[in-house]
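Listed after this line are the structures, all set down as C-alpha cells.
Presented sequentially are two complexes of chain A, the first with chain B as partner and the second with chain C.
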Partner chain A sequence: MLIPTTILLALSSALLPFLLHPLNKLLRNIILTIPPLLALLIIISQLNSQEVPSYQLSWLPSLGLDLYFESSYFQLLFGFFILFIGIFIHLFAVIYLQNDPSQKSWFFWFFMFMGSMLGLIFSANLFLLFLFWELTSLASFFLIGHYYEQEEARKSAWEALLITGGGGLCLLTGFIMIFIITGSVNLPELQDKFNNTSYPLLTNIAILLIILGIMTKSAQYPFHFWLPDAMTAPAPASAYLHSATMVKAGVFLSFRLSPIFSNLYLWHVLLVFFGGFTFFWGALCCLKENSIKKALAYTTVSTLGLLTCLIGIGTPEIIYSAVLLMFAHAIYKAGLFLFAGTIEFTTHHKYLSKIEGLWRKQPLFFMVALLSIYSLAGFPYTFSFHAKEELIRSIYRLNPSYIVMFSLLLIIGNSLIIGFSTRLFIIPLLRAKTKEATFHPGISSFLLTNIPLFFAIAGISIPLSKDLTGIFHKLSHNFIPNIVVEHSQNTTGHFQHYLLLLPSILSWSIGIVLGFYIIWKGNIINEQGITPFATRLYQHIIQQLLLQSDRITRFFQNGKLRSYLQTFAVAVLIVSFIAIVTEWEIIKANILTHIVRPEHKITKYDFILTSIIIAGIFGVIFARTKLTAVICLGIIGYGMAIVFLIFSAPDLAMTQFIIETLTVSLFVFVFYHLPEQPLYRRKTTKYQNLFICTLFGIVMGFLTLSASSIQTHPSISSYFTTKSLNEAHGGNIVNVILVDFRGFDTLGEITVLAIAGIGTYALLRYQRLKNHE
Partner chain B sequence: MNSLILKTAGKYIAPLLFLFAIYLLFTGHNQPGGGFSGGLVASASFILLAFAYGVEQTQKWIRISPLYIIAIGLLLAVGSGVISILFGQPFMTGVWITLESLTLGTPMLFDTGVFLVVLGTTLLIILELIKEV
Partner chain C sequence: MEWLFAILVGGLYSAGLYLMLQRNMFKLVLGMCLISHGANLLIFTAGGLTRNLPPIFSEANSIPAQMTDPLPQAFVLTAIVISFGVTAFLLVLVHRTHKILNTDDVDDLIKTDLQ
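What follows is the complex of A and B.
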C-alpha cells in the first residue's frame, strides 16, 4: 500500500498549483515539494526494511491489467533518486520560471511526470508499466513544448512525442505478444513461464519490438536525434527528464527484462550492437556541437548507449556496474544541465564559443563547473570514476576476446567524452578573452547557483561517504543474485591494480590531448550546431506525410455533397455486385419465392400510394426550382409514412410524418444559405449521375427483396410479444423495446443525438459570428 | 414572416400540440407514441411559434436554453438507469411500483429523458437555423 501512496503523493502535487490560493507565488511553489518529500520519506523507510513489499489489486482482469506494484531494493533506490533529484530541480525551476506566465501548467506536467515515472519504476504488470511509460512521454511533450510560442519548441516537442510514442506502440505490441506467448504480463511470474516457450519466432519478434521501444525512449541510434532537439525545453526539463530520469526509462525496462530474456541470443546481440554504436556516436557528436545543452544531450545519448550495451552483455557484475553508472550519471548530468541552464538564464547565450571568462566574474559558479565537468570526465574520486572502475573490473571477468573489444570501445568513447569535457571547461570558463564576455555579474538568486553546486558536490562526495557506499554494497548484494548467471563461468579472478587503471589513464590522456587539439584547430566545430542525418530524414518523412494526407483528404473531402453521395453509391454498388455475383443462386431462389408467393395481397390502395410516391420522385428529378423539389420530397416522405400505416406501424408512421414536416420547413430556411447555381452544369454529368442512380436503385431493390426472405436466426418477435406486457408493463412493444429491453441502445442513440445537435449548433454559431465580424 | 393568420392560429394550435406531445409521451408505453415522437411534436409546437412570432420571442417563452433541455434529458435518462443500481440490480433494469391499477417505473423516466433530448436537439438546431435568416 505504501508504494502506490508514493505515486499518488507525487501526482497530487500536480494538482496543488490549481488548488492553492496564490497569496505568495514563491511560497506556493515551494509548498509543492511537500508531497514528494513525504513520498521520499516513505521510500527511505522502505529502504531499510528487509522484505520486498508488493501490492496487487485487480483492475481489469479480463485484459490482464492489474494494479500490481513491487519494490525491490533497486527499484526503491531508483525511486529515491527520482524524488530526490526531482525536488531539487523543482526548486531550481521555481526560480528559473519565476516570471513565466504559464508556470502552473509547467508544475502540473512536471509532477505528473514525477508520479508517472515512479509508477513506471514500481509497476510489476507490463500493461500498467506501459500506461505510465506513455504518461511520461506525454508529460515530456508538454514540458519540451513549454515555450510553445516558439516554432522550434513545438517542432521538437512533436518530434519527441512521435518518436517515443511510436516506440511506445511497438512496446505495447511486444507486450501483447508476450501475453500471447506466456499468458501472463506480471513480471514476477514471467520469468518461469518464459524459459520453456514453444514460439521461437513470435518471441524474437516480441523482443525486437520491445527493443525498438527501449531504443526510442532511451535515444539510441538511429532514434537518438530527438534528445538533442528536445533541448529547446527549459533547462529544468532537460536536466530532469532528458538526462536524469525519463530517458533512463528505456534502460530501466531493459534492467527489468534482462533476467527474463537472458537466454535469448537476439536480446544480447541487439542491445550490445546498438548500445555500443550509440555510445561511440553520441561521444563523437558532442565534440562537434557548439550549443552547450545540445552537446550535453549528446553525452547523455552516449552514456545511455553505454548502459544499453552493458545490459546487453548481461553478466551480473556488469549489470551492477551499469546500475552504479546510471545513478552516477543522473547526479552529475542533472548538475551539468542546471549549470548550462544558469548560463543561459544569466547570459542569454547558448553557444559555447560565445561565453568566455567566467571564472573571474563568478568564482563560485566556476567551482560548480569544475566539479561537474570533473565528474563528467570521470576523474578519480568521483562517483562516476567509482562506477567505471567497477565496470572495468567486471569487464576483466569476461572472455579474453570480449575484454579487448569492450575495453577498446570504452577507451575510445571515454576519450571522446573527456575531449569534450576539456573543451567545455576551457572555452567558456578559463579562456579570458573578456572583450566579448557577456556574463552579467551577480547571479541574483541563491538557488540558481547552489543547486547545481549541490549536485556537483554530491557527484564527488558519494564515494567518500561510508553510509552511502554502504547503500550501494547492499544494492550489489540485492542485485546480483537476482540475475541469471550466464557468462560468469570465465571468471579469471586475479588482475593487477595497474591493469584496472590502464583504460582510464589511456582515455584521460588521449581525451585531454584531443580536447586541446580541437580548441587549437577550432574549425571542426560548427558555429550553428549540427543537424544529424536522422533529423533530416525524420523531417522529410513528416513533411511528405502531411503533404500526401492533405492531398488525399482534399480528393475525398472536396466539400461537394453531391460527390460524397456519388462516392458512397459507387462503393456500395461495387460491394453489392460482388455479393450478388458470388451468392447468385441463393438470391435468385429468394427473389423467386417472393414473386411466386407474395405475403401481402396487393390492393388498389397500394397502387394509388405507389403511383403518388413515383410521381413525387419524378417531381424531384424534373423540378425547375429547389422549392418544388423539396415539396416533392415531402410527398415521397408522406407516402412512405402511409406505407408504414398500412403495414400497421403507427409509431413509425407518426414519427415519419413529423420528421417530414420538420424537414421540409427546415429546407425552406436553409435555402437562403445555398448558393444560386444550376443543378447541373454539363450534360455528361447528368447522364453519368442518371446511370449511377438507376443502377444503385436496381441493386438496392434487388438486395431488399432477397434480404427480406433470408432468416438466419429464429425470430425474436415472439419473445417480445410474450414478455412485453408481463415483465415490462407495456402494451406498445415498439416503445417497450426502445425504453426497456434495448434501453441501453437508446441511451447511446440519444447521446449521439445530443452530441450531433451541439456540434451543428456550434458550426452554425461559429459561421454567424464570423459573418458578423 | 409576419402573418396575422399564422399568429392567431399558432396561438391556439401550439399549446394544443404541446399537450398532444405530453399525451404521446405518457400513452406511448401502451399505445402509439413515446419519447421520440412526443419530443418531435413538442418541438414542432415551438417551431410553429417561432415561425409566427420570431425566434427571440419564442426563446423568451421557452425560458431556458435548449442546451439545458438536452442536458437535463440526458441526466434524466442516465439517472433512471442508476436507480436500479441502488436496488442492487444491473444498470438500467426496470424498477416498478404498483399503485392499485397504476404501474409506474423507471422506463417512464427514461422515456421522459428521451423526450427532452429530442426536443432540445431539434429546437437547438432549427431555432439557430431560423435565426440565421
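What follows is the complex of A and C.
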C-alpha cells in the first residue's frame, strides 16, 4: 500500500499549483515539495525493511490488467533517486522559472512526470508499466514544448513524442505478444513461464519490438536524435527528464527484463550491437557539438548506449556495474545540466565558446563545472570512477576475446568523452575574446549555483561515505536474485591494480590530448551545431508524410460528386467480388435452383411487363429531352406498380401509382420553367462508367438472387399474420403493421416526410420572396 | 421468376448509377429515382414472390399460412414514400441551384464551395 501512496503523493503535487492559486508564488512553490518529500521518507523507511513488499489490486482481470506494484531494493533505490534528484531540480526550477507566466503548467507536467516515472519503476504488470511509460512521454512532450511560441521547441516536442510514443506502441505490441505466448503480463510470474514456451518466431518478434521501444525511449542510435533536439526544454526539464530519469526508463526496462530474456540470443545481440554503437557515436557527436546542452545530451546518449550494451552482455557482475554507472550518471549529469541552465539563465548564451573567461568572473561557479566535469571524466575517487572500476573488473571476468573487444570500445568511447570534458574544462579558463558575456551575480544566481554544486559534490562524496557505499553493497546482493558479487574493498587483490587502471589511464591520456587538439584547431567546431543524418531523415520522412497524405486527400476529396460515387461503387464491387469468389459454391447452388427449377411459371405477360420496364430504362438513358426522360421514368414507375399488383401487393401498387403520378408531375412542374438544355455526355469517361455500372448491376442481380433464396434466420412474419386479426382487429395485415405494430416507425417516416416537405416548401417560398423583391 | 426480376434489379441499378455518374444534375435526380426503384424491387423479390395471395383477410382467404409475407411489403411501402420525399427535396434543390448558378453541371458546384 505504501508504494502506490508514493506515486499518488508525487501526482498530487501536480494539482497543487492550481489548488493553491491564491497563495504567494514562492510559498506555493515551496509547498509543492512537501508531497515528494513525504514520498521520499516512505521510500527511505522501506529501504531498511527486509521483505519485498508488493501491492496487487485487480483492475481489468479480463485483459490481464492489474494494479500490481512491487518494490525490490533496486526499484526502491531508483525511486529514491527520482524523488531526491526531482526535489532539488524542483527547487532549481522555482528560481529558474520565477518570471515565467506559465510556470504552473510546467510544474503540473513536472510532477505528473515524477509520479508516472515512479509508477513505471514500481509497476510489476507490463500493461501498467506501458501506461506509465506513455505518460512519461506525454509529460516530456509538454515539458520540451514549454516555450511553445518558438517553432524549434514545437518541432522538438513533436519529434520526441513521435519517436518515444511510436516506440511505446512497439513496446505495447511486444507486451501483447508476450501475453499471447505466456498468458501473463505480471513480471514475477513471467520468469517461470517464459522458459518453457514453444513460439520461437513470435518470441523473437516480441523481443525485437520491445527493444525498439527501449531504443526509442533511451535514445539509442538511430533514434538518438530526438534527445539533443529536446534540449529546447527549460534546463531543469532537460536535467531531470532527459538525462537523469526519463531516458533511463528504457535502460530500466531492460534491467527488469534481462533475467526473463537472459537465454535468448537475439536480446543480447541487439542490445550489445546498438548499445555499443550508440556509445561510440554519441561520444563522437558530443565532440563536434557547440551548444553546451546539446553536447551534454550527446554524452547522455553515449552513456545510455554503454548501459544498454552492458545489459546486453548480461552477466550479473556487469549488470551490477551498469546499475552503479546509471546512478552515478544520474547525479553528475543532473549537476552538469543545471550548470548549463545557470549559464543560460545568467548570460542568455548557450554556446560553449561564449563561456570563455568564466573562471575570472565567477570562480565559485567555475568550481561547480570543475567538480561535475571531474565526475563526467570519471577521475579517481568519484562515484563514476568507482562504477567504471567495477565495470572494468567485471569485464575482465569475460572471455579473453570479449575482454579485448569491450576494453577497446570502452577506451575509445571514454577518451572521446574525456576529450569533450577537457574542452568544457579549458574553455572557461581562456581569456574572453568578446566582452559581451556578462554574468549577473545576484541572490537568484547564487541559489542557482548551489544546487548544481550540491550534485557535483554528491557525485564525488558518495564513494567516500561508508553509509552510502553500504547501500550499494546491499544493492549488489539484492536486486537480481541470481547475482552473487563477492564485493568488498579487498577483492581487488584478485587483479593487479595497474591492470584495472590501465584502460582508464589510457582513455584519460588519449582524451586529454584529443581535447587540447580540438581547442587548438578551433575551426572543427561548427558554430551552428550539427544536424545529424538521422534528424534529416526524420524531417524528410515527416515532410513526405505530410506531402503524400495531402496528395492522397486531394485525390480522393476532389469535390466532384461523380468521383466520390465512382470510388464508392468500385469499393462495393471489390468487396462483393471477394465475397462472390469465396462463397462461389453456395451462390452457384442457389442460382441454379432459381434458373433450372423456377418456383413460378413465367407467363408471357410477365415478359411483356419486364420488357416494358427495361424499355423505360433505356428510354431514360438515351432520352434527348427532359420531357422524354420524365415520361420514361413514369413508365418504369407504373410498370413497378403493376408488378406489385400481380404479386399480391395491392397496397404497394396503390401507393406506387399515387407516388409515381406525384413524382412525374413534380418533375414536370419543376423543369417546366427551366430552359431546355442538352443532356450532354462526356465521351472520355463514358466507357469507364459503362464498365463500372454494368458490373455494379450484375452484382446487384446476384445479390437479388442470393437474397431471395437464402434464409439465415427464421422469419418473424408469422407473428404479424397471426396477431393481426385477433389482437389488432385489422384485416389488411400490411396496413396493420404500418399503423399498429410498427406505429412508431411510421411516425418517424412521417416526420422525415414532413421535414422534406418543409424543406421543399421553404426553398420554393424563398425563391418566390426573392422574385417579389 | 426471380431471375427475371434479378435482371430487372441489375438493370435498374446499373442504369441508375450510370445516370448519377453524369455531369448533368437532372440526370442525377433521375438516377436516384431508378436506384430507389431497384432497391424496392430487390426487397420485394427477396421477400418471396407469390401470385394472388394478398395479405388481407377476406372471405376467400382467412388462413395466415396461405398469405404472402406482409413484412417486405410494409418495408417497401415505407421506402416508396420516403424516396418520394427525398426526390421532391432533391428536385427543388436542383431547381434552386439552377436558378442561382445558372448551370446544371454538377462539377460547377465545386466552385461555390471555394467562394
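Criterion: the second predicted complex is superposed on the first by the 523 of 773 C-alpha atoms of A that agree within 3 Å, B and C clash if a C-alpha of one lies under 4 Å from a C-alpha of the other, contacts with A are read in each partner's own complex, and residues count from 1 in each chain.
Keep this in mind: contacts are C-beta pairs under 8 Å (C-beta built on N, C-alpha and C of every residue); 3 or more make two chains touch, one makes a residue touch a chain.
Predicted model, so just to flag it, every value in this text is computed and none were measured.
Colleague: On the A-aligned overlay, A:D740 touches which partner chain: chain B = first, chain C = second, or both, or neither?
Modeller: first
Colleague: For A:H729, select first, second, both or neither according to whether it touches chain B, chain C, the two together, or no partner.
Modeller: In the superposition, A:H729 contacts chain B only.
Colleague: Between chain B (first) and chain C (second), which does A:A756 come into contact with in this model arrangement: first, second, both, or neither?
Modeller: both
Colleague: For A:L666, decide between first (touching chain B), second (touching chain C), both and neither.
Modeller: After superposing on A, A:L666 lies in contact with both chain B and chain C.
Colleague: Is it chain B or chain C that touches the larger share of residues in chain A?
Modeller: C
Colleague: Which of the two partners, first being chain B and second being chain C, lies in contact with A:Q56: first, second, both, or neither?
Modeller: neither
Colleague: Does the superposition put A:R765 against chain B (first), chain C (second), both, or neither?
Modeller: First partner only, chain B.
Colleague: By the touch definition at the top of the document, which applies to A:F647: first (chain B), second (chain C), both, or neither?
Modeller: After superposition on chain A, A:F647 lies in contact with chain C alone.
Colleague: Between chain B (first) and chain C (second), which, if any, makes contact with A:L705: first, second, both or neither?
Modeller: A:L705: touches chain C, not chain B.
Colleague: Just to be sure I follow: which residues of chain A are touched by chain B in one complex and then by chain C in the other one?
Modeller: In the superposed arrangement, which is not itself an observed complex, chain A uses residues 650-651, 655, 659, 662, 666, 670, 731-732, 734, 738, 746, 753, 756-757, 760, 764 for both chain B and chain C.
Colleague: Within the complex, which stretch of chain A touches chain C?
Modeller: 558-562, 565-566, 569, 591, 594-595, 598-600, 602, 606-607, 610, 613-614, 617-618, 620-621, 626, 629, 633, 636-637, 640, 643-644, 646-652, 655-656, 659, 662-663, 666-667, 670-671, 674, 677, 679-682, 685, 689-690, 692-694, 696-705, 707-709, 715-718, 720-722, 724-725, 731-734, 737-738, 742, 745-746, 749, 752-753, 756-757, 759-760, 763-764, 766-767
Colleague: List the residues on chain B that touch chain A in their complex, please.
Modeller: 24, 28-37, 40-41, 43-44, 47, 51, 67, 70, 73-74, 77-78, 81, 91-92, 94, 96, 103, 105, 107, 110-111, 113-114, 117-118, 120-122, 124-126, 128-133
Colleague: Touching residues of chain C toward chain A in the complex: what are they?
Modeller: Per the touch definition, chain C meets chain A at residues 1-15, 17-24, 26-30, 33-34, 37-38, 40-42, 44-58, 62, 64-65, 67-71, 73-74, 76-78, 80-82, 84-89, 91-96, 98-99, 104, 106-107, 109-110, 113.
Colleague: Sort out for me which residues of chain A touch chain B in the complex.
Modeller: 650-651, 654-655, 658-659, 661-662, 665-666, 669-670, 672-673, 728-732, 734-736, 738-740, 743-744, 746-747, 750-751, 753-754, 756-758, 760-761, 764-765, 768
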